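As written, the chains take the letters A, B, C and D, and residue 1 is the first residue of each chain.
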């Protein structure tokens, strides 16, 4: 079958070879199921090396499960989560948080996928009023659904804002690696070190076959996690195979090598298409995504050759994402195709 | 780390080499995520070859998710599921069906893990009475949690019983392969061909890294499954890697080779321990599990060498399971260890 | 205790004397519980007289229960309800719909509490995309939370819009009586006759001690309602006492007498305060509510004498509501108090 | 309509005249809605007089709501409630606890509706095992669904048992008044004074129009109750009318007068039917219910004259209940009817 690479999403990519090797190595004899095995112990140890000795960490199947379980640990059904109107939990999880936790999400309009205290404030209302859900968590994505990255100071500010109100800061880190690579900091600095209470640390979009981790700054929030994970259908039977992948990801900085590469490829793509008439880049390219408006008719033509998503039909805005396995040649070919589709073949080729 | 094999559970085993190879082969280039890829299409095709051309099939992460989603497709929150008091959904899923679906389970006492119409009948009460949950599904495990296997006639009888009352028959087939191998029939004959409406077809316990399928006899019940799977946190992003494993499982009858082997090893173990004084086999050994009572003091001693589960503390009953990778030598060593622990080394060695 | 009347809410009023008399009359001997009694049969008959012979109707305890059960009858957990951003279900039910149904609400910005097809359209997206909740219901309040009233044509347009998309139209009629009185039409014309699929018909705010009805245009949607009502903790044991109240409400047009009176008192209040400097009426006074901006310092002073709610802190907007027992004298006194608080005693008194 | 009285259930009775008077008295002017009113404050004060100064108390619409909200205050979704297999929460609430809380109920077989530590013990298993729900609450009904009454010592023993395991004791007191009257103790002694953590204090079955209270021994468990009550659709808008009924119930010992009378009438009925050939009383008549086996053919004949419930079809066991308004004449007439139906008119008449 097809061995082609595109720019649709980082989860359209396969798995990093080092990850597959780790799975093969873990395939040795019998170990206890459900995480009571040495591979899981070692992977949790790796996470503590990167996120801080005091954290608690658990592996789950997918990103939606990681987000829902992280949030469930921080609030009750009559409480609420303030998030971006573009948040994955708001837009792309088919209502899983509401269904499973029973809580309400309070989406916040914004321009670039990022929250800030002044954007969150208007949703902190009705406190103590039994008719209103009570905001308890601020949830941010890092990097955001728009490919932008919060600075450490911005995260600190949101954490301080939340904590000052008895609230918590949750991070959907499906692309945390890209964000940390973009900031040039470690995983701890990018998360719990900046005041984040619970993190979904994504592996799948950074080269795993599949697997996510939920990481707690305060172990007290994790005391019932094992029961919750099982009840939420997120407990892997052969846990060692998720754990081994995380072990690989956190060995020799595979996470950063892969993420930084994807980020560079996105930056290169942005550079290549910036000058193409008709293409307008709409967001900062902080991580591995490029958002751009493209004439409607060109989109269909491009999609015939490379599948990618239209982000906003109305604005004719598309999303292009680089992944750990994107090559410079992939980028040049794609940029040239775009240029050709927009009728400026020379311009594009001249930039190569 | 340890490369030893034991008899604790078939999910303590690793993955079959053919499964790992299939994962490696699927790791080629980019494909669309979430199941809209050629590997998933091919695996669904394989399932139709084995289960019947008319079935609908979907892949999910784990067995609890498969059961919950299968059941959710068949009932509403005010309805109920009749099941064995030993059912995995009743005893070992931390209340996931109740939490997620909101429905009630109606457990039925029994001796061998198996239901039958006359056992189910007493729970079909309060029909039309708004104070009572309304029984809508009968759920059976095949093979059962006690290692026993329903005959095709027994399944047919339960299906007829259910359908005659406007109810459905659900099968938790976490070990369906072992049951079909035990019965010497195909997967279709063992399931939808015998009237089962929805099947959880387990892969993990039969040599996959991880993955289960939900299979519908009537596609009408599956019409909303894709939304439900996503909302239930069971939609794999890189679906091809689950699909490829099922493709392998259903190629060259790997499912049957592995299951039949495990069944044979369990039968061998039963044969070997049957004569050991103090060991009493408590259930038919139809599939890959051996249930036996063993003197309490011997259990602790044995567990130091081989981890396994005590099934019933009170009765001093243990469960030993064989898996696809169990060897005859493993069985002989384990049987000898048991014999030694029970003070009859000679008897055990004479049987080798 | 206090026998004073205010303008805080129509649920701050007590019960209409005819309602208390009906309760007393129903207090005769034993009847079957849970609605299988002659009082309930008669009240349902009354509802059919007013809403149409083909409707199904059920009584519940409160408005939130009525809304949640009505919505639950129309959608599944992965589907969604489009509603006004000011909707009671969105703002004032502490997340009950999300908690109980598991569904998502999709709030729509608007100016006057009213939806219209062009406002709803932008939320009808992601159809068939498993990552998105699927819009299934449009829910409107009649009269709205802003005291405005949909015309029959506006309701028809929303019903046609919904039905053309396989969706349903739900009406939160906590103040349906006020709306119908305002429109000068019957209850049928105001609801199912205009295409509404399910109505919460409010009694409490129109002079009952307590009780609401859920009314279905299509009995097929009601087929499981009795089970759902019980499971949702909304089944009254001594149902006759809710039923008798509705019987009274629908006898000799008590519902319209009370609602029309409340509407007139609101109109009178609007007339009286319109000229007071500093008071700006912000919404049409179609039913029994007056929304107005008032200088912040005057609000606190007024609230010392008459309790009422600030609707929008930021805009310094308040809500004043008339009820079935509001008298002209109450209005004049209140208007005079407002005028005095705003430093224009003469102007106010001159309008009396 | 009919003004006849029967023995079907205490909720087939109407309301006590003192209760209707209290409602009428509370119908004076405007007060704040949702319980922020003087009637509610006074009723809570009354409850503290009877249950202890330290309790927290809240009013809800119905018994199912009271039970569900009480339980929700004590556990999380992955925890479980141990209860009698005959418990109302298990058998007669259409799965409301599972649906709303998401938790599991663990029913316990028993003979007389009563739990005891040795009956509960077998369900306290799997502690710390993430696959098992974790028992957190023992829930008892007082009086039980079988009309039996726990002694104070029995309650103390269950409370001690629960508390020693970090668990709580919940009481479904739908008929608490009958139990306390039977025991000859006050409401405090019968509940929190005996170690009960949360009580559903039933009013409806003891002569109210409708209303129940949830009472907390430890206010810490009630800290989020107001939000939970609203979200659970149990917050009455015109709360004063529920509160006033409780005020009446707790004034001049109306609760005890009514309950003791009902108990006496049940005792009289038991005395009258005990000697009738074919009638076998099956449970102690501690409170206001009589359980008896009666020949099947006689049941149908009797039900033509007096509606009542068959409790156990298989055993041909029926339930007869007395209520606050049952008269001695009602009892004698009913006993005579039974005697006649069973062909022993003389015997029955001789006992009059």
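Quick note on the criterion: contacts are C-beta pairs under 8 Å (C-beta built on N, C-alpha and C of every residue); 3 or more make two chains touch, one makes a residue touch a chain.
Being a predicted model, the structure only gives us computed values, none of them experimental.
*Asks:* Looking at chain pairs A-C and B-C, which one is connected by more C-beta pairs in contact?
*Replies:* Higher C-beta contact count between the two pairs: A-C.
*Asks:* Give me the C-alpha superposition rotation for chain A onto chain B, in degrees, nearest 5.
*Replies:* Angle of the fitting rotation, chain A to chain B: 180 degrees.
*Asks:* Measuring between mean CA coordinates, which chain is farthest from chain B?
*Replies:* C
*Asks:* When the centre of a chain is set as the mean of its C-alpha atoms, what distance in Å lies between chain C and chain D?
*Replies:* 34
*Asks:* Can you compute the centre-to-centre distance for chain A and chain C, using the mean CA position of each chain? Integer Å is fine.
*Replies:* About 42 Å separates the centre of chain A from that of chain C.
*Asks:* Express in whole angstrom the distance between the two chain centres, defined as the mean CA positions of chain B and chain C.
*Replies:* The computed centroid separation for chain B versus chain C comes out at 52 Å.
*Asks:* Residues touching two or more other chains, restricted to chain C: which are they?
*Replies:* Correct list: 77-78, 93-95, 99-100, 130-131, 227, 230-231, 235.
*Asks:* Which bits of chain C are touching chain D when the two form their complex?
*Replies:* For chain C paired with chain D, touching residues are 1-6, 8-9, 11-15, 20, 23-24, 26-33, 38-39, 61-65, 68, 93-96, 99-100, 204-205, 209-210, 227, 230-238, 240-242, 307, 323, 325.
*Asks:* Which of the residues in chain C come into contact with chain A in the complex?
*Replies:* 77-78, 80, 91-95, 98-100, 102-104, 130-133, 313
*Asks:* Can you tell me which positions in chain B touch chain C when the two form their complex?
*Replies:* Listed in rising order, the residues are 34, 76-78, 130-131, 134, 224, 226-231, 235.
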